[in-house]
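Please find the structures below.
Look at the two complexes coming up: chain A is in both, with chain B in one and chain C in the other.
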Partner chain A sequence: MPARLRRLLTFGSPGVALIALLAAAAALILWLVPVAPREPTQFWIFAKQHQAVYRDLLVRWNRAHPGGHVEMSLVNGAVLDQRLLSGFLTGTPVADVMEVERSIAGRAFTGPIADVGFVDLTERLQAEGLLDGINRPSLSPWTSRGHIFGIPHDVHPVMLMYRADLVEAAGIDVRQIETWDDYFRVMAPLRQDLDGDGRVDRDLLNYSAADPYGTEVLLLQAGGAIFDAAERPCFDRPGNAAILARLATWLTGSHRVSRFADINTASGQQLIVDGLVVGVMAPDWLAGTFKQQIPGLAGKVRLMPLPAWQRGGRRTSVFGGTMLALAKTSRTPEVNWEFAKAIYLSREMATALYRSTCIISPFKANWSDPAYDEPDPYFRGQPVGRLYVGLAPHVPERTSSPFNMLATRRLANCLTALVAYAEDRRVDEPAALEAEAQRQLAAAQREFTALIARNVFLSAPP
Partner chain B sequence: MTPPVPAAPRSAPPFPRWAPWFFVAPWLLGFATFVAWPLGRSLVLSCLQTYGPGTTVYVGLANFRYLLHDELFWKALANTVRFTLGCVGVQLPVALGLALLLNRPSLRGRAWFRLVFFAPSLVGLAFAALLVALMFERRTGLVDAGLHSLFSSWDPDFPWLEQYVMTALILAAVWLYAGFNMVYFLAALQGVSPELLEAAAIDGAGPWQRFWHVTLPEIRPVAGLVVLMSVAGSFQLFELPYLMFNTTGDPAGPDNSALTVVMYLYQMGFLSGDLGYASAIGWVLAVLLISLALLQRWLARREEY
Partner chain C sequence: MPPANPPPRPRAAAARLLDLLVYALLTGCAVVTLVPFAWMVAAALKNQTDFFTSVFLPRGDGFLGVAWDHLTLDNFRRLLVELPIPRAIVNSVFLSAGLSLLATLFCAMGGYGLAKYPFRGRAVLTTLVLGAAILPPSLLLAPGFELVWRLGLLDSYAGFLLPGLTPAFGVFLFRQAMLNRVPAELIESARLDGCGELRIFFQLVLPLVRPMTGAFIILSFLGTWNNFIGPQLILQSAERQPLAVAMNNLRGVYGTDYGLVMAGTLVSIAPIMALFLLLQREFISGLTAGAVKG
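Right, the complex of A and B next:
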């Protein structure tokens, strides 16, 4: 045996042989495990409720389109978020068609408009006459620098869900309520110390300074905004300070009317069941979530339009949202577009979605759906769909700025600081808080102007 | 004349010369791919503004300059330092106290106590964070509900997670990690020479003097290691506040009171998509940690001589 080979063999101790054997076995197993062939068109969704709604349609679609099969995958929201951004930034594969939540979509708009990873649908929507059929404000979160990058899945108007059982037991007539002032005045008898310890246990509104989304809902309803139409920050625009000052008095001092029951936690939901909160700002999806997750409230709650900030004012707001987007890198663009229309324009889908989630369609043609008029026993027989549809055209427009999530949190921080200021100085009146609110908002304005100015892609001319 | 000594015949080495490289190659490959290359790239990235590899603009040191004037970064750094001081300041004495307690030979059920104190470290961090968040919730949380049932004057809506954010975080971290550090101290205490302690006792040293002049110097190297690990861990704080406050809609807590440097890095990199700025933050954090480690090493060496 040549010396070279002999040396090589002395290398082979039993340990090395074992490692080599294991490596070979692992490679063999991986090679032999069958990999299911993927359909050419991948459709990612993140909401389980949507999966159940789309399943039947998908079967029919695949039967009718042998050359354009679509495979649906339910992907965790956070995973979808990361896969999507990684795909856009580094070119790793993403789905061909995907449902994207608002907080994620905005981030895709950080770069130059030509580099956004979604297909620009503006021309297609116009050419096929679909644009006018969509509830106009519902397009705003998916529109960046004048380009529409998604078909809206929903409208998500907000109503006020209230404990009708408590209200009726107290002999309160909610028809007197038009504004927030009316609401807090008329409902005041329900604000009570229930256990006799001298502290108020039941409050009138589920709201907290630490809840950025609640503050965004109320600010938008009041006509305020933190981004203007050109997606520039406008924290310090006139009116925002007055809104913030008023919100601060809802949270502290002698006019306090709010407490926070986190609707995402069991303990928060229990507070609502226990009647410690009378009113909850409820978009259509939350009405559906309550029906699924809190059966104990069936027949105890009703909906009313959000009280306005002033007489004749807007009686709704908007909270959350999802779009259907098509990936630019897809090799099946025409199948994607036809599938997107089939799934989102369909009356049947709209009905199924409403029945399972209470979510109403953004397509006006679907608003005549008789399903929306069905009385809902959970809400004491109210035609929930019709109530939400009635408010749909009035939902405020929203920004699609990639900085919106951070800015909304910053707004909540301004409010937290304002509440602390009010508590320190024992200030109760909104007028006395406006100057401090303006100061807080001006600081936020400076920060975000500087932050966004750093982005050379957004500040560059289109 | 002495005949020249013939050179010993060289025997062939048992392994080829490249054998060691062959064995370390997988690790080197992994290190180069997942550590060295990303580190180098992140340094380059910190001087860029980018939206994917095809869309980058060289901005020089602009990211670092912006960081110097970024109030939120300084707030995050201040929160991180406060957490580190609070955590190390509370956690290490607690860990050492527990170790001293468990090191007493007269203590019955030592194994049981060891398990009890170490158990929180066995719980996953995510699970522990959610558990702590539930415990500190207003009215329904164990802390508020328990205190209200014990003392009726206690406000059941006491806002732990809104106004006492750092306290809640430090308490959670102490609960999680004190038992873990206790094990290090316990191992060090068991290495303290009983002869030295006995000699000190014979010389008339009391328990406190024995601890201060014998035990503490003996366990100092381990204590130094634990301090360094705790400081490094605290500076990298992310999951605990992120999960504790995530359900409220802002993981940074009210008024950014739970925002840490790593959370800010995440916010900038993955929420704002500003990977260049996030890389700059990462490098500043790395330099800070390296400086702290060097300082600790220098202090330890100074004490040795």
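Right, the complex of A and C next:
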């Protein structure tokens, strides 16, 4: 070994030398393949599936607008949240146009209306006649104190996805089902102990007290709410306690019908594949997820409108949502607006999005898209898009309160406590649980009223 | 003359039996540890349908009841050809190797200064360094982000490397190593022999703390390689993002292609495993340095 090299290795080792070599080689590659300069208009998205849908449209947009090129970046949702709030609070750079998920968007509505970092689109939407073309309830999560800050990306109506193969094998006719009571009664033969150990293995509904989203879906469907139209907490409003009491009996006691298979995990999906859960509350995006992720269920599942809470009641709910928002700090506001319309109003985008993810458009003009009528072999030939579009006008309105995520989790805590109460006292009937439910909700109400009162911007009259 | 086959002494037989038990236990533990890894390899070689129908390799009529023809390298092909993973690997190597080398050098210098140079305020400075090491990194995200932005370094490699050059933890670690392993007399005699300060540091001091260097370099490399939130905040262009970020982008909001993610995970851990094998002696001796007082 040459003396110089030996001297070099006296304070290092072959491993350190290798790391130095790797650093030098990587630096050389990066120097030879430089990063392209950034386009003037930045567009952040957080969903990989959206990236594939927008790619062609973006290429065409950039070709047609030499002075208004847009660059799309896929940003992790948590990081988008950090960058967005840092940008709004301290002035660090944010994208010009961005897709924002509901849980993040609400947090940006926390302060005075004038300080919200998104452009107020209310007047533009009205002036260009776009407002009436949008499914009205789909605007609610993006509307704060009467101002619309985003164009809805979706509607996300919820249906019930059920194991048609099991249902048919048991000779069950789902046409008898209109309400949840019907559903649990008609499907009861499927609730079985499959391994003979004396415990029920297969349950009728994918739901748990620890699932705040499921509880929100069911509460909204039943006409309940935890925020009123003025975005004030209303945990203790009439009706919420009865809903919670009924949900508790689905989760415990002699009427128990639910078990939880987390749809976001492989293990949860495996439970559904194994037929241990008969029905799953499925927004349109989840139908797409199942198609992509669990090809083994093709032809084994079908969709039906959510069973109603009472005859003639609402047959759907809503779960999730994304908006397209424009940043106030952008130096290209007109390009942003034109670009936003070009992608979100596009029939081509709506079709591509539906084909790739099953997500239906919130723009009523797109609802006549023949793609929505195509029979889907995954769901035994059902025209999935048309089924969801049929429910779109009936999705419940939602709050845009920045406290909604927190409040939804608090509601789940109320339900968990109620289930524990029912188990301790062996209470089976919803009516017997209502008083305790009301007590839990009143505590949550006091807590949230105090919490929101500390935010002077939201508690003060507008 | 001793007998040709002396009977085993009871003590040696007991020791051998104990060894056997220990090895059996260790083998069991190793198998348990390797099961998730085996699952990951199997998942990377399966398509999405087989992912849900078999725990490990897809079941079929082939040898050992495995459907060998179902195994596919498609996940790796998509990863390396269709997705920007190769560029992300180069970024990761550059950031991890560059930062670990530079951070090790600067931390060693800082630690040496605090340990061996008497100056006014040294105790206060050491306390400050220790205090900074206690701060949770997530607390520094927002101010760090703003600082990098104000320096005009957002979306640049420098913006990511600069804040990580002298971590307080590293400075303190090297200070302790210098106190334990570098005798003041040695430095004094080198000075008397006319050795310059830089030469003393590079030719005398660094070789003495070589185990710590190896351990810190691998810790630093691992930390940067696995760092997700930092690069996501600072390196905003997709072309500059490292493997941890690119890997996260494989997970969709509406669903995850598990085979692809597992293939990506394999690709991302392979360099780290190779590096650990190369540096394991330094790593282990660095971690145990000072554990036994000689």
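As a working rule, the second predicted complex is superposed on the first by the 425 of 462 C-alpha atoms of A that agree within 3 Å, B and C clash if a C-alpha of one lies under 4 Å from a C-alpha of the other, contacts with A are read in each partner's own complex, and residues count from 1 in each chain.
We adopt the following convention: a contact is a pair of C-beta atoms (placed from the backbone, for glycine too) under 8 Å apart; a residue touches a chain by one contact, two chains touch by 3 or more.
Remember, predicted model here, so these are calculated numbers, not experimental data.
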{"item": "Contacts of A:Gln270 with chain B and chain C, given as first, second, both or neither", "value": "both"}
{"item": "Touching partner for A:Leu18 - first (chain B), second (chain C), both, neither", "value": "second"}
{"item": "Partner chain in contact with A:Glu447 - chain B first, chain C second, else both or neither", "value": "first"}
{"item": "First (chain B), second (chain C), both or neither touched by A:Gly77", "value": "second"}
{"item": "Contacts of A:Ala210 with chain B and chain C, given as first, second, both or neither", "value": "first"}
{"item": "Which of chain B and chain C A:Arg259 touches, first, second, both or neither", "value": "first"}
{"item": "On chain A, positions contacted by chain B and by chain C", "value": "7, 10-11, 82, 90, 270"}
{"item": "Of all residues in chain A, those that touch chain B in their complex", "value": "3, 7-8, 10-11, 82, 85, 88-91, 107, 110-112, 115, 197, 199, 208-213, 259-260, 262, 264-265, 267, 270-271, 276, 402-403, 405-406, 409, 412-413, 416-417, 420, 447, 450-451, 454-457"}
{"item": "Touching residues on chain A, where the partner in the complex is chain C", "value": "7, 10-16, 18-20, 22-23, 25-27, 29-30, 33, 35-36, 38, 46-49, 73-79, 82-83, 86, 90, 92-93, 101, 266, 269-270, 273, 285-286, 288-289, 292-296, 357"}
{"item": "Touch list for chain B against partner chain A, complex", "value": "12, 14-16, 19, 49-55, 57, 59, 62, 66, 69, 71-72, 134, 137-141, 152, 155-157, 161-162, 247-250, 252-256, 267, 270-275, 277"}
{"item": "Contact set on chain C toward chain A in their complex", "value": "48-49, 51-53, 87, 90-91, 93-94, 97-98, 100-101, 141-142, 145-146, 149, 154-155, 157, 202-203, 206-207, 210, 213-214, 217-218, 221, 228-229, 232-233, 236-240, 245, 248-258, 275, 278-279, 282"}
